[in-house]
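The next part holds the structures, each set out as structure tokens.
In the two complexes below, chain A is the common chain; its partner is chain B in one and chain C in the other.
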Partner chain A sequence: MIQKLQIGFIFIIMYVSLNHLFYPDLILQLTNYGHWGVVFCQGLLQLFLIWIYIKGLSYFPQQDVIDICLKIGKPIAFILLIPFVISLTVLVTINNRLHTDVIISIFLPRTPSWPVLVLLFFITTYIALTGLGTILRASFFIFFMVIPLLLMITFTSFINIDWYNAAPIRPPSINFLIEKNFFYLMGYSAFLPLGFMVYKTALTFRSIFLAWMCVMFFSLSSVYIPLLIFGQESAISLTFSMVRAIYTVDVDWFFLNKQSMFLGLSLIGFTVILNAVLLWVIGRIMQKLLRWIKVEISYWIIAFSVVAFLGALMVPSLAWTERIFFWSVGAQVFFMIIIPLTIYIYGFIIKRRTAFYEEG
Partner chain B sequence: MKRVKALMMLMFLVTFLSGCWDIKDIDKRVLPLVIGISKVNNEDYKVTVQIPITKKDGEISRIVTSIDENVSSALGQIKTNSENAVDYSHVRLVIIQSDLSDNKEELKQLVTFLMTSREFPTNAQLAFTDVPIEELLSNINDKLGVDSTSLYDFFNKGAGWAPEILSTRIWEVYRSMFSYTEDITIPIVDPGKDTVINYKGAVALKLGELTQRIDPNETQLIKLFQNKNAKGKIENVGFASVMVTSSAIENKTLIESNKPVVSINVKLKIHVLEREAGISNERIKKDLEKLIEERFNKMFEKAQENKTDIFGFGQYFRNQIPYDDLKKWREGYYPDLKVDFQVHTSME
Partner chain C sequence: MENLVKEIQNMFSDHADFFMEKEIKDSTPIYLMGFNTLIDLTKSKLYVRQIAGTSASVQELFINLSDQLEIDSEQIIHALLKGKLVIVSEKDERNAIVDPISRNLTRSIAEPLSESPLLSSVDAFGEDIDTNIGLIRKRLNTERLYHGSFEIGEFESRKLSMLYIKGKAPDALIGEIKRQINQIDTDIDTVEDLNKYFGERRFSIVSHVFQTELPNEATHFLKKNRVVLFLDNYPFALVFPQTLMDMFNVSSDRNYPTVIAYVIRTLRAIGAIVNVLLPALYVSVVSVNPEALKIDLALFVSESRQGIPFPALVETITMVVLVDLTLEAIVRLPKSVGPTITMVGGIILGQAMVEAKLVSPLLVIVITAIVISGSVVSGIQNSLYIRLLRYPILILASIFGLLGMFIGFLFILVYLASLKSNGIPYTTFHINRKGDAK
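Right, the complex of A and B next:
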């Protein structure tokens, strides 16, 4: 039971960590009104993919995505998983870089980005090295430390909101479904790593569904806080509109009147866990795929973490981070669709075949 | 082996988590509270910073000036020339001189800079002034026994704060420069003869352009529409003076043959402070209602003429007008807007 709960927590943490930066900006650019419609469409599409994923994985109890891919065939596993590892590394890179920029803008305006990067690098690598069990347990604590902070940020931002800014509330036509940015939105996904943890505990759709509802709440709040505070017209002109919106909150009576501090703290907590999970997934894939090399998983994790760190260090500016992010998101969307579908179809065929044999 | 690795990792963390990068201790820092921005020779920006000196009972402040091509480099120059670290993250008030605020493009650029700058708090307040900024800032030091934070205290809501004083924040100004349906008013201040500051009312800003001046008396109404309480305001009806103890505002909107109509009901609870002999409560109520209604109608008429939506009526119609038409709110709909404004008062 605890395991299921932990997986739910880690699902929420990974989503929310990504969601507070680009997600609101993308939604605001995608539609001028009725934003909740877009958020729900995107959420439902993801839920559908998650359902396929869980259904597919349920055909193979006690096996994770790597085992299943190896079962299909070694070449398939290589073709599918090695690019996946690369895209995950890019994701870790961007994550490090983005959150470094946000941390600097909130806490340390005069510090160069590399010391912050070094810090993030060491913490995440260390957590990743400790293994899945520790990550899951840590996520438990981080969740209970950070979610109250996030809720507090959400509710204190009510001071500045103007409900009229949400109008018109009627969702627009569904033309946004075919837009490129909507496609990018799909890339905000954190469910793929779950498939690599299932050798410990089975995923159930119900627990993920509950976690998904929490994620929807945070997605909606991350879109609507900047929208209600700034209004559509000015919110689209800002980068990281959510962070900007939190900046405006001035709670004089509170012992810390800078709400953005809390946002910064929660983002650090979340991003560390997210990166640790991604690095652990990378390490596990490499170890299992290249079994003949006989290298411990920790060396793979360190190697890829160093690559991600150097990558983050070399990104010259935020504009570049954005560009790389969009490239990598394209790859993410590809894997989000391909991996669940492959597993589902393969599982389905295997099941049909065994059923056929049992009959015959 | 594993333990050694963990230990090494911890050692790194100890080194990097100690938390001291380029930090100057608090006693080596100065925290400007007020920044004034103006132009010299129509070209360079002049930035004046008022820094309270904490050592001497908080009563003295220093004024530092710098002139450069743009605001950020002028701010940077102050940093360079200061013996202590200058930390702008605690600025609470930005005062802009009217020669700069009259220029639409420059004002827009300035507000955008203040909004997007990393070091600047976006919830600092913004005010305009007609007099040279140094005069305003040095006025604080000239007044005997006045605290160096008084400029900020003036705008800060708290005990004994005059309710008609508007407080407009940088992010609100930024928002209004993009908004299709809402304009904003910014307070104007002068140095007072006997007091530090003299409140001169406000100015309406339409997409970065100044359109009209508003009396100190009238700004109260704007606050009411921003849903802030009008509590504490003292009104003089001629034969009596009353204090508003609480206020509420309700609105109904509809669109009649493509013309927007708003009916507004303001409910005020009043408390009579003094009256001439023989004046009934009813008469005071009626006169006060008439006074406020007239004040509103005068203000609204002027605002409509200037196509400046200072009360933010457009916000009410966001759900009733198609989004693409909202762009035309100021030019197309607002001039036809009919407002039925009614005040209801009750005695305490």
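Right, the complex of A and C next:
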């Protein structure tokens, strides 16, 4: 029971961590009104993929994605998982860099970015090294520490909200469903790492569905807060519109100056967990794929973490960070479709084949 | 038998408290041997004479005195060291181990010294291991209570008892603890010595065991699927494994209405968090992130620090260390001197340092708050390790401000989540019967 809860928490943490920076900007660009329709359709699309993923994984009890890929064949596993590792490393790199820039703009305007990067590097590597069990347990506490902050941001932002900005409420058409950017948005989801945790606990669709509902709430709030505060016309022209929207919130009776502090803190809390999980997944894939090298998982984690850290140091500017982030998210979309489908189809074929043998 | 007497005499010739008294019974000399630091010699002799008066022969006297007759010399030495009286007759080869009238070397059941329970019984464990187990048996008179006794040590053989309720404590855990206890091949002088055998956590600041002085608490832990260990001559029950929640939950809380019990526990948790974070918060809002505060509050803070020559980190670390020193001194000093330290410390730390403009009045409030909040958690060793956790966060906060404080706290959470004793995580909420608690 508690493990299911922990999986749900980590699902929410990873989603919300990715969601808060670019996701609202992209949604605002996709349609002029009725944004909830886009968010909702996007959520359903992701839910569909998650369902396929869980269904596919359920054909192979107690086995994770790597085992299944190795079962299909070593070459397939290499072709599928090595690029996945590279894309995850890039994602960790850019995640660190992006959040460092946002954090610096909120907390430490006079500090260069490298000390903050060093700090993030150390904590993410440490968390990844402690292993999945610790990550799951720690996520439980971090969830209860950070979610109240996020809820507080959401509710205090009501001060600046103009509800008329939401109108008209009905989506204009469903043409966005065939737009490229709509599928691109799928990159802002993080259900793939769950498939690497199944050896610890079985995934059930029900617990993930409850977590998904929670994620939908935060997705909607991250889109609607900037929209309701600035209006569609202004919000569309801003980068990090959610962060800027929170910047404007100032509660009279509160002892802190700006609510953006809380946003910064919650972003850190979520990002370190997300990055730690990604690093752990990378380490596990490398260890299982290159089994003949006999290197412990911790060395892989440290190696890739150092690579990600150096990469993050070398990104020259925020413009570059954004560009690379979009590319890596694009790669994520690719894997998000390919991996669940591969597992599902392979599982389906295997099941048909065994059924055929049993009959015949 | 002459040999035996000589052998024993030689062996204990360096022991000034060893006695060998000659008595005559039926014109047969018999020797009484023992340690007069363990045995009340006068009363014991009187007892032997009384029995001798009613016995017809030397043989009958031996039988009347003891049922341990004709023991080999190795066991005799062992018995002597344990505080028994040994009687040896000079002529024939007869000896007996007698339970003498012992000196009273243990205190009787007293009130707890390190814990002060409210709305609960106020007896506490003492040094004698049998009395301690008796205190548990009195409360938990069920046949499912298992009591295993071990003798451990290299030089001394110290008694260690292990208690659990059969069918409650996880089997895997029990097996593992028994294996670890059987591995012990050195003397166990302290709890930390014992900790070393309980798995890989050599340099951890969190102990594997939770210590309590109260029989009520120990019984409660037994019912909560734990294992309780007792060391002879150590007046605490060692509850294995310790979890994070033990810091906030005290069994006597449940004598209050449920809502109040939960409020008290929440207060303890808040106390622990405040104790860890408050000095770091002070340092970060004063030196790194003053803009985080509302302008009038920021002005007030900076005004209170006007004229203070130290940077905030030095100021805070000085005060925190001073307070920790004071606490340590009060614990060490006799009760007659302790109050003096309290008074002098209070006046100098609070009043004089502010007046001399060495620290800000705001910091004095912060320090007072952490001293109070650090003492609300249950278990002395827990409040000590919480005090220790403050320092790394303080240093991170002085470099990165609020960000450093938050990341330091994350570090601590992850560190605590990574601790395990025999496969049971420190941050677990409930220990399942079958053991695979998460």
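Just so it is clear, the second predicted complex is superposed on the first by the 360 of 360 C-alpha atoms of A that agree within 3 Å, B and C clash if a C-alpha of one lies under 4 Å from a C-alpha of the other, contacts with A are read in each partner's own complex, and residues count from 1 in each chain.
Basically, contacts are C-beta pairs under 8 Å (C-beta built on N, C-alpha and C of every residue); 3 or more make two chains touch, one makes a residue touch a chain.
The shown structure was predicted, so the numbers you read here are calculated from the model rather than taken from an experiment.
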Contacts of A:Y199 with chain B and chain C, given as first, second, both or neither: neither
Chain B versus chain C as contact partner of A:G231, first or second or both or neither: first
Chain B versus chain C as contact partner of A:V272, first or second or both or neither: second
Touched partner set for A:N165, first chain B, second chain C, both or neither: first
Partner chain(s) touched by A:T248 [first = chain B, second = chain C, both, neither]: first
Partner chain in contact with A:G133 - chain B first, chain C second, else both or neither: second
Contacts of A:F141 with chain B and chain C, given as first, second, both or neither: second
Partner chain(s) touched by A:F107 [first = chain B, second = chain C, both, neither]: second
Which superposed partner A:L119 touches (first chain B, second chain C, both, neither): both
Shared chain A contacts, counted only where both chain B and chain C touch the same residue: 108, 111, 115, 119, 123, 126
Residue ranges of chain A touching chain C (in the complex, touch as defined): 2-3, 6, 103, 107-108, 111, 115-116, 119-120, 123, 126-127, 130-131, 133-134, 136-138, 140-142, 145, 254-258, 261, 264-265, 268-269, 272
Interfacial residue positions of chain A with respect to chain B in the complex: 32-33, 104-105, 108-111, 115, 118-119, 122-123, 125-126, 129, 162, 164-165, 167-169, 229-231, 233-234, 237-238, 244, 247-250, 252, 298
Of chain C, residues touching chain A in the complex: 288-289, 291-295, 297-298, 396, 399-404, 406-407, 409-411, 413-414, 417-418, 425, 427, 429, 438
In the complex with chain A, residue positions of chain B that touch it: 5-6, 9, 12-13, 16-17, 21-22, 89, 115-116, 118-119, 121-123, 156, 169, 171, 174-175, 177-180, 182, 315-316, 318-319, 322-323
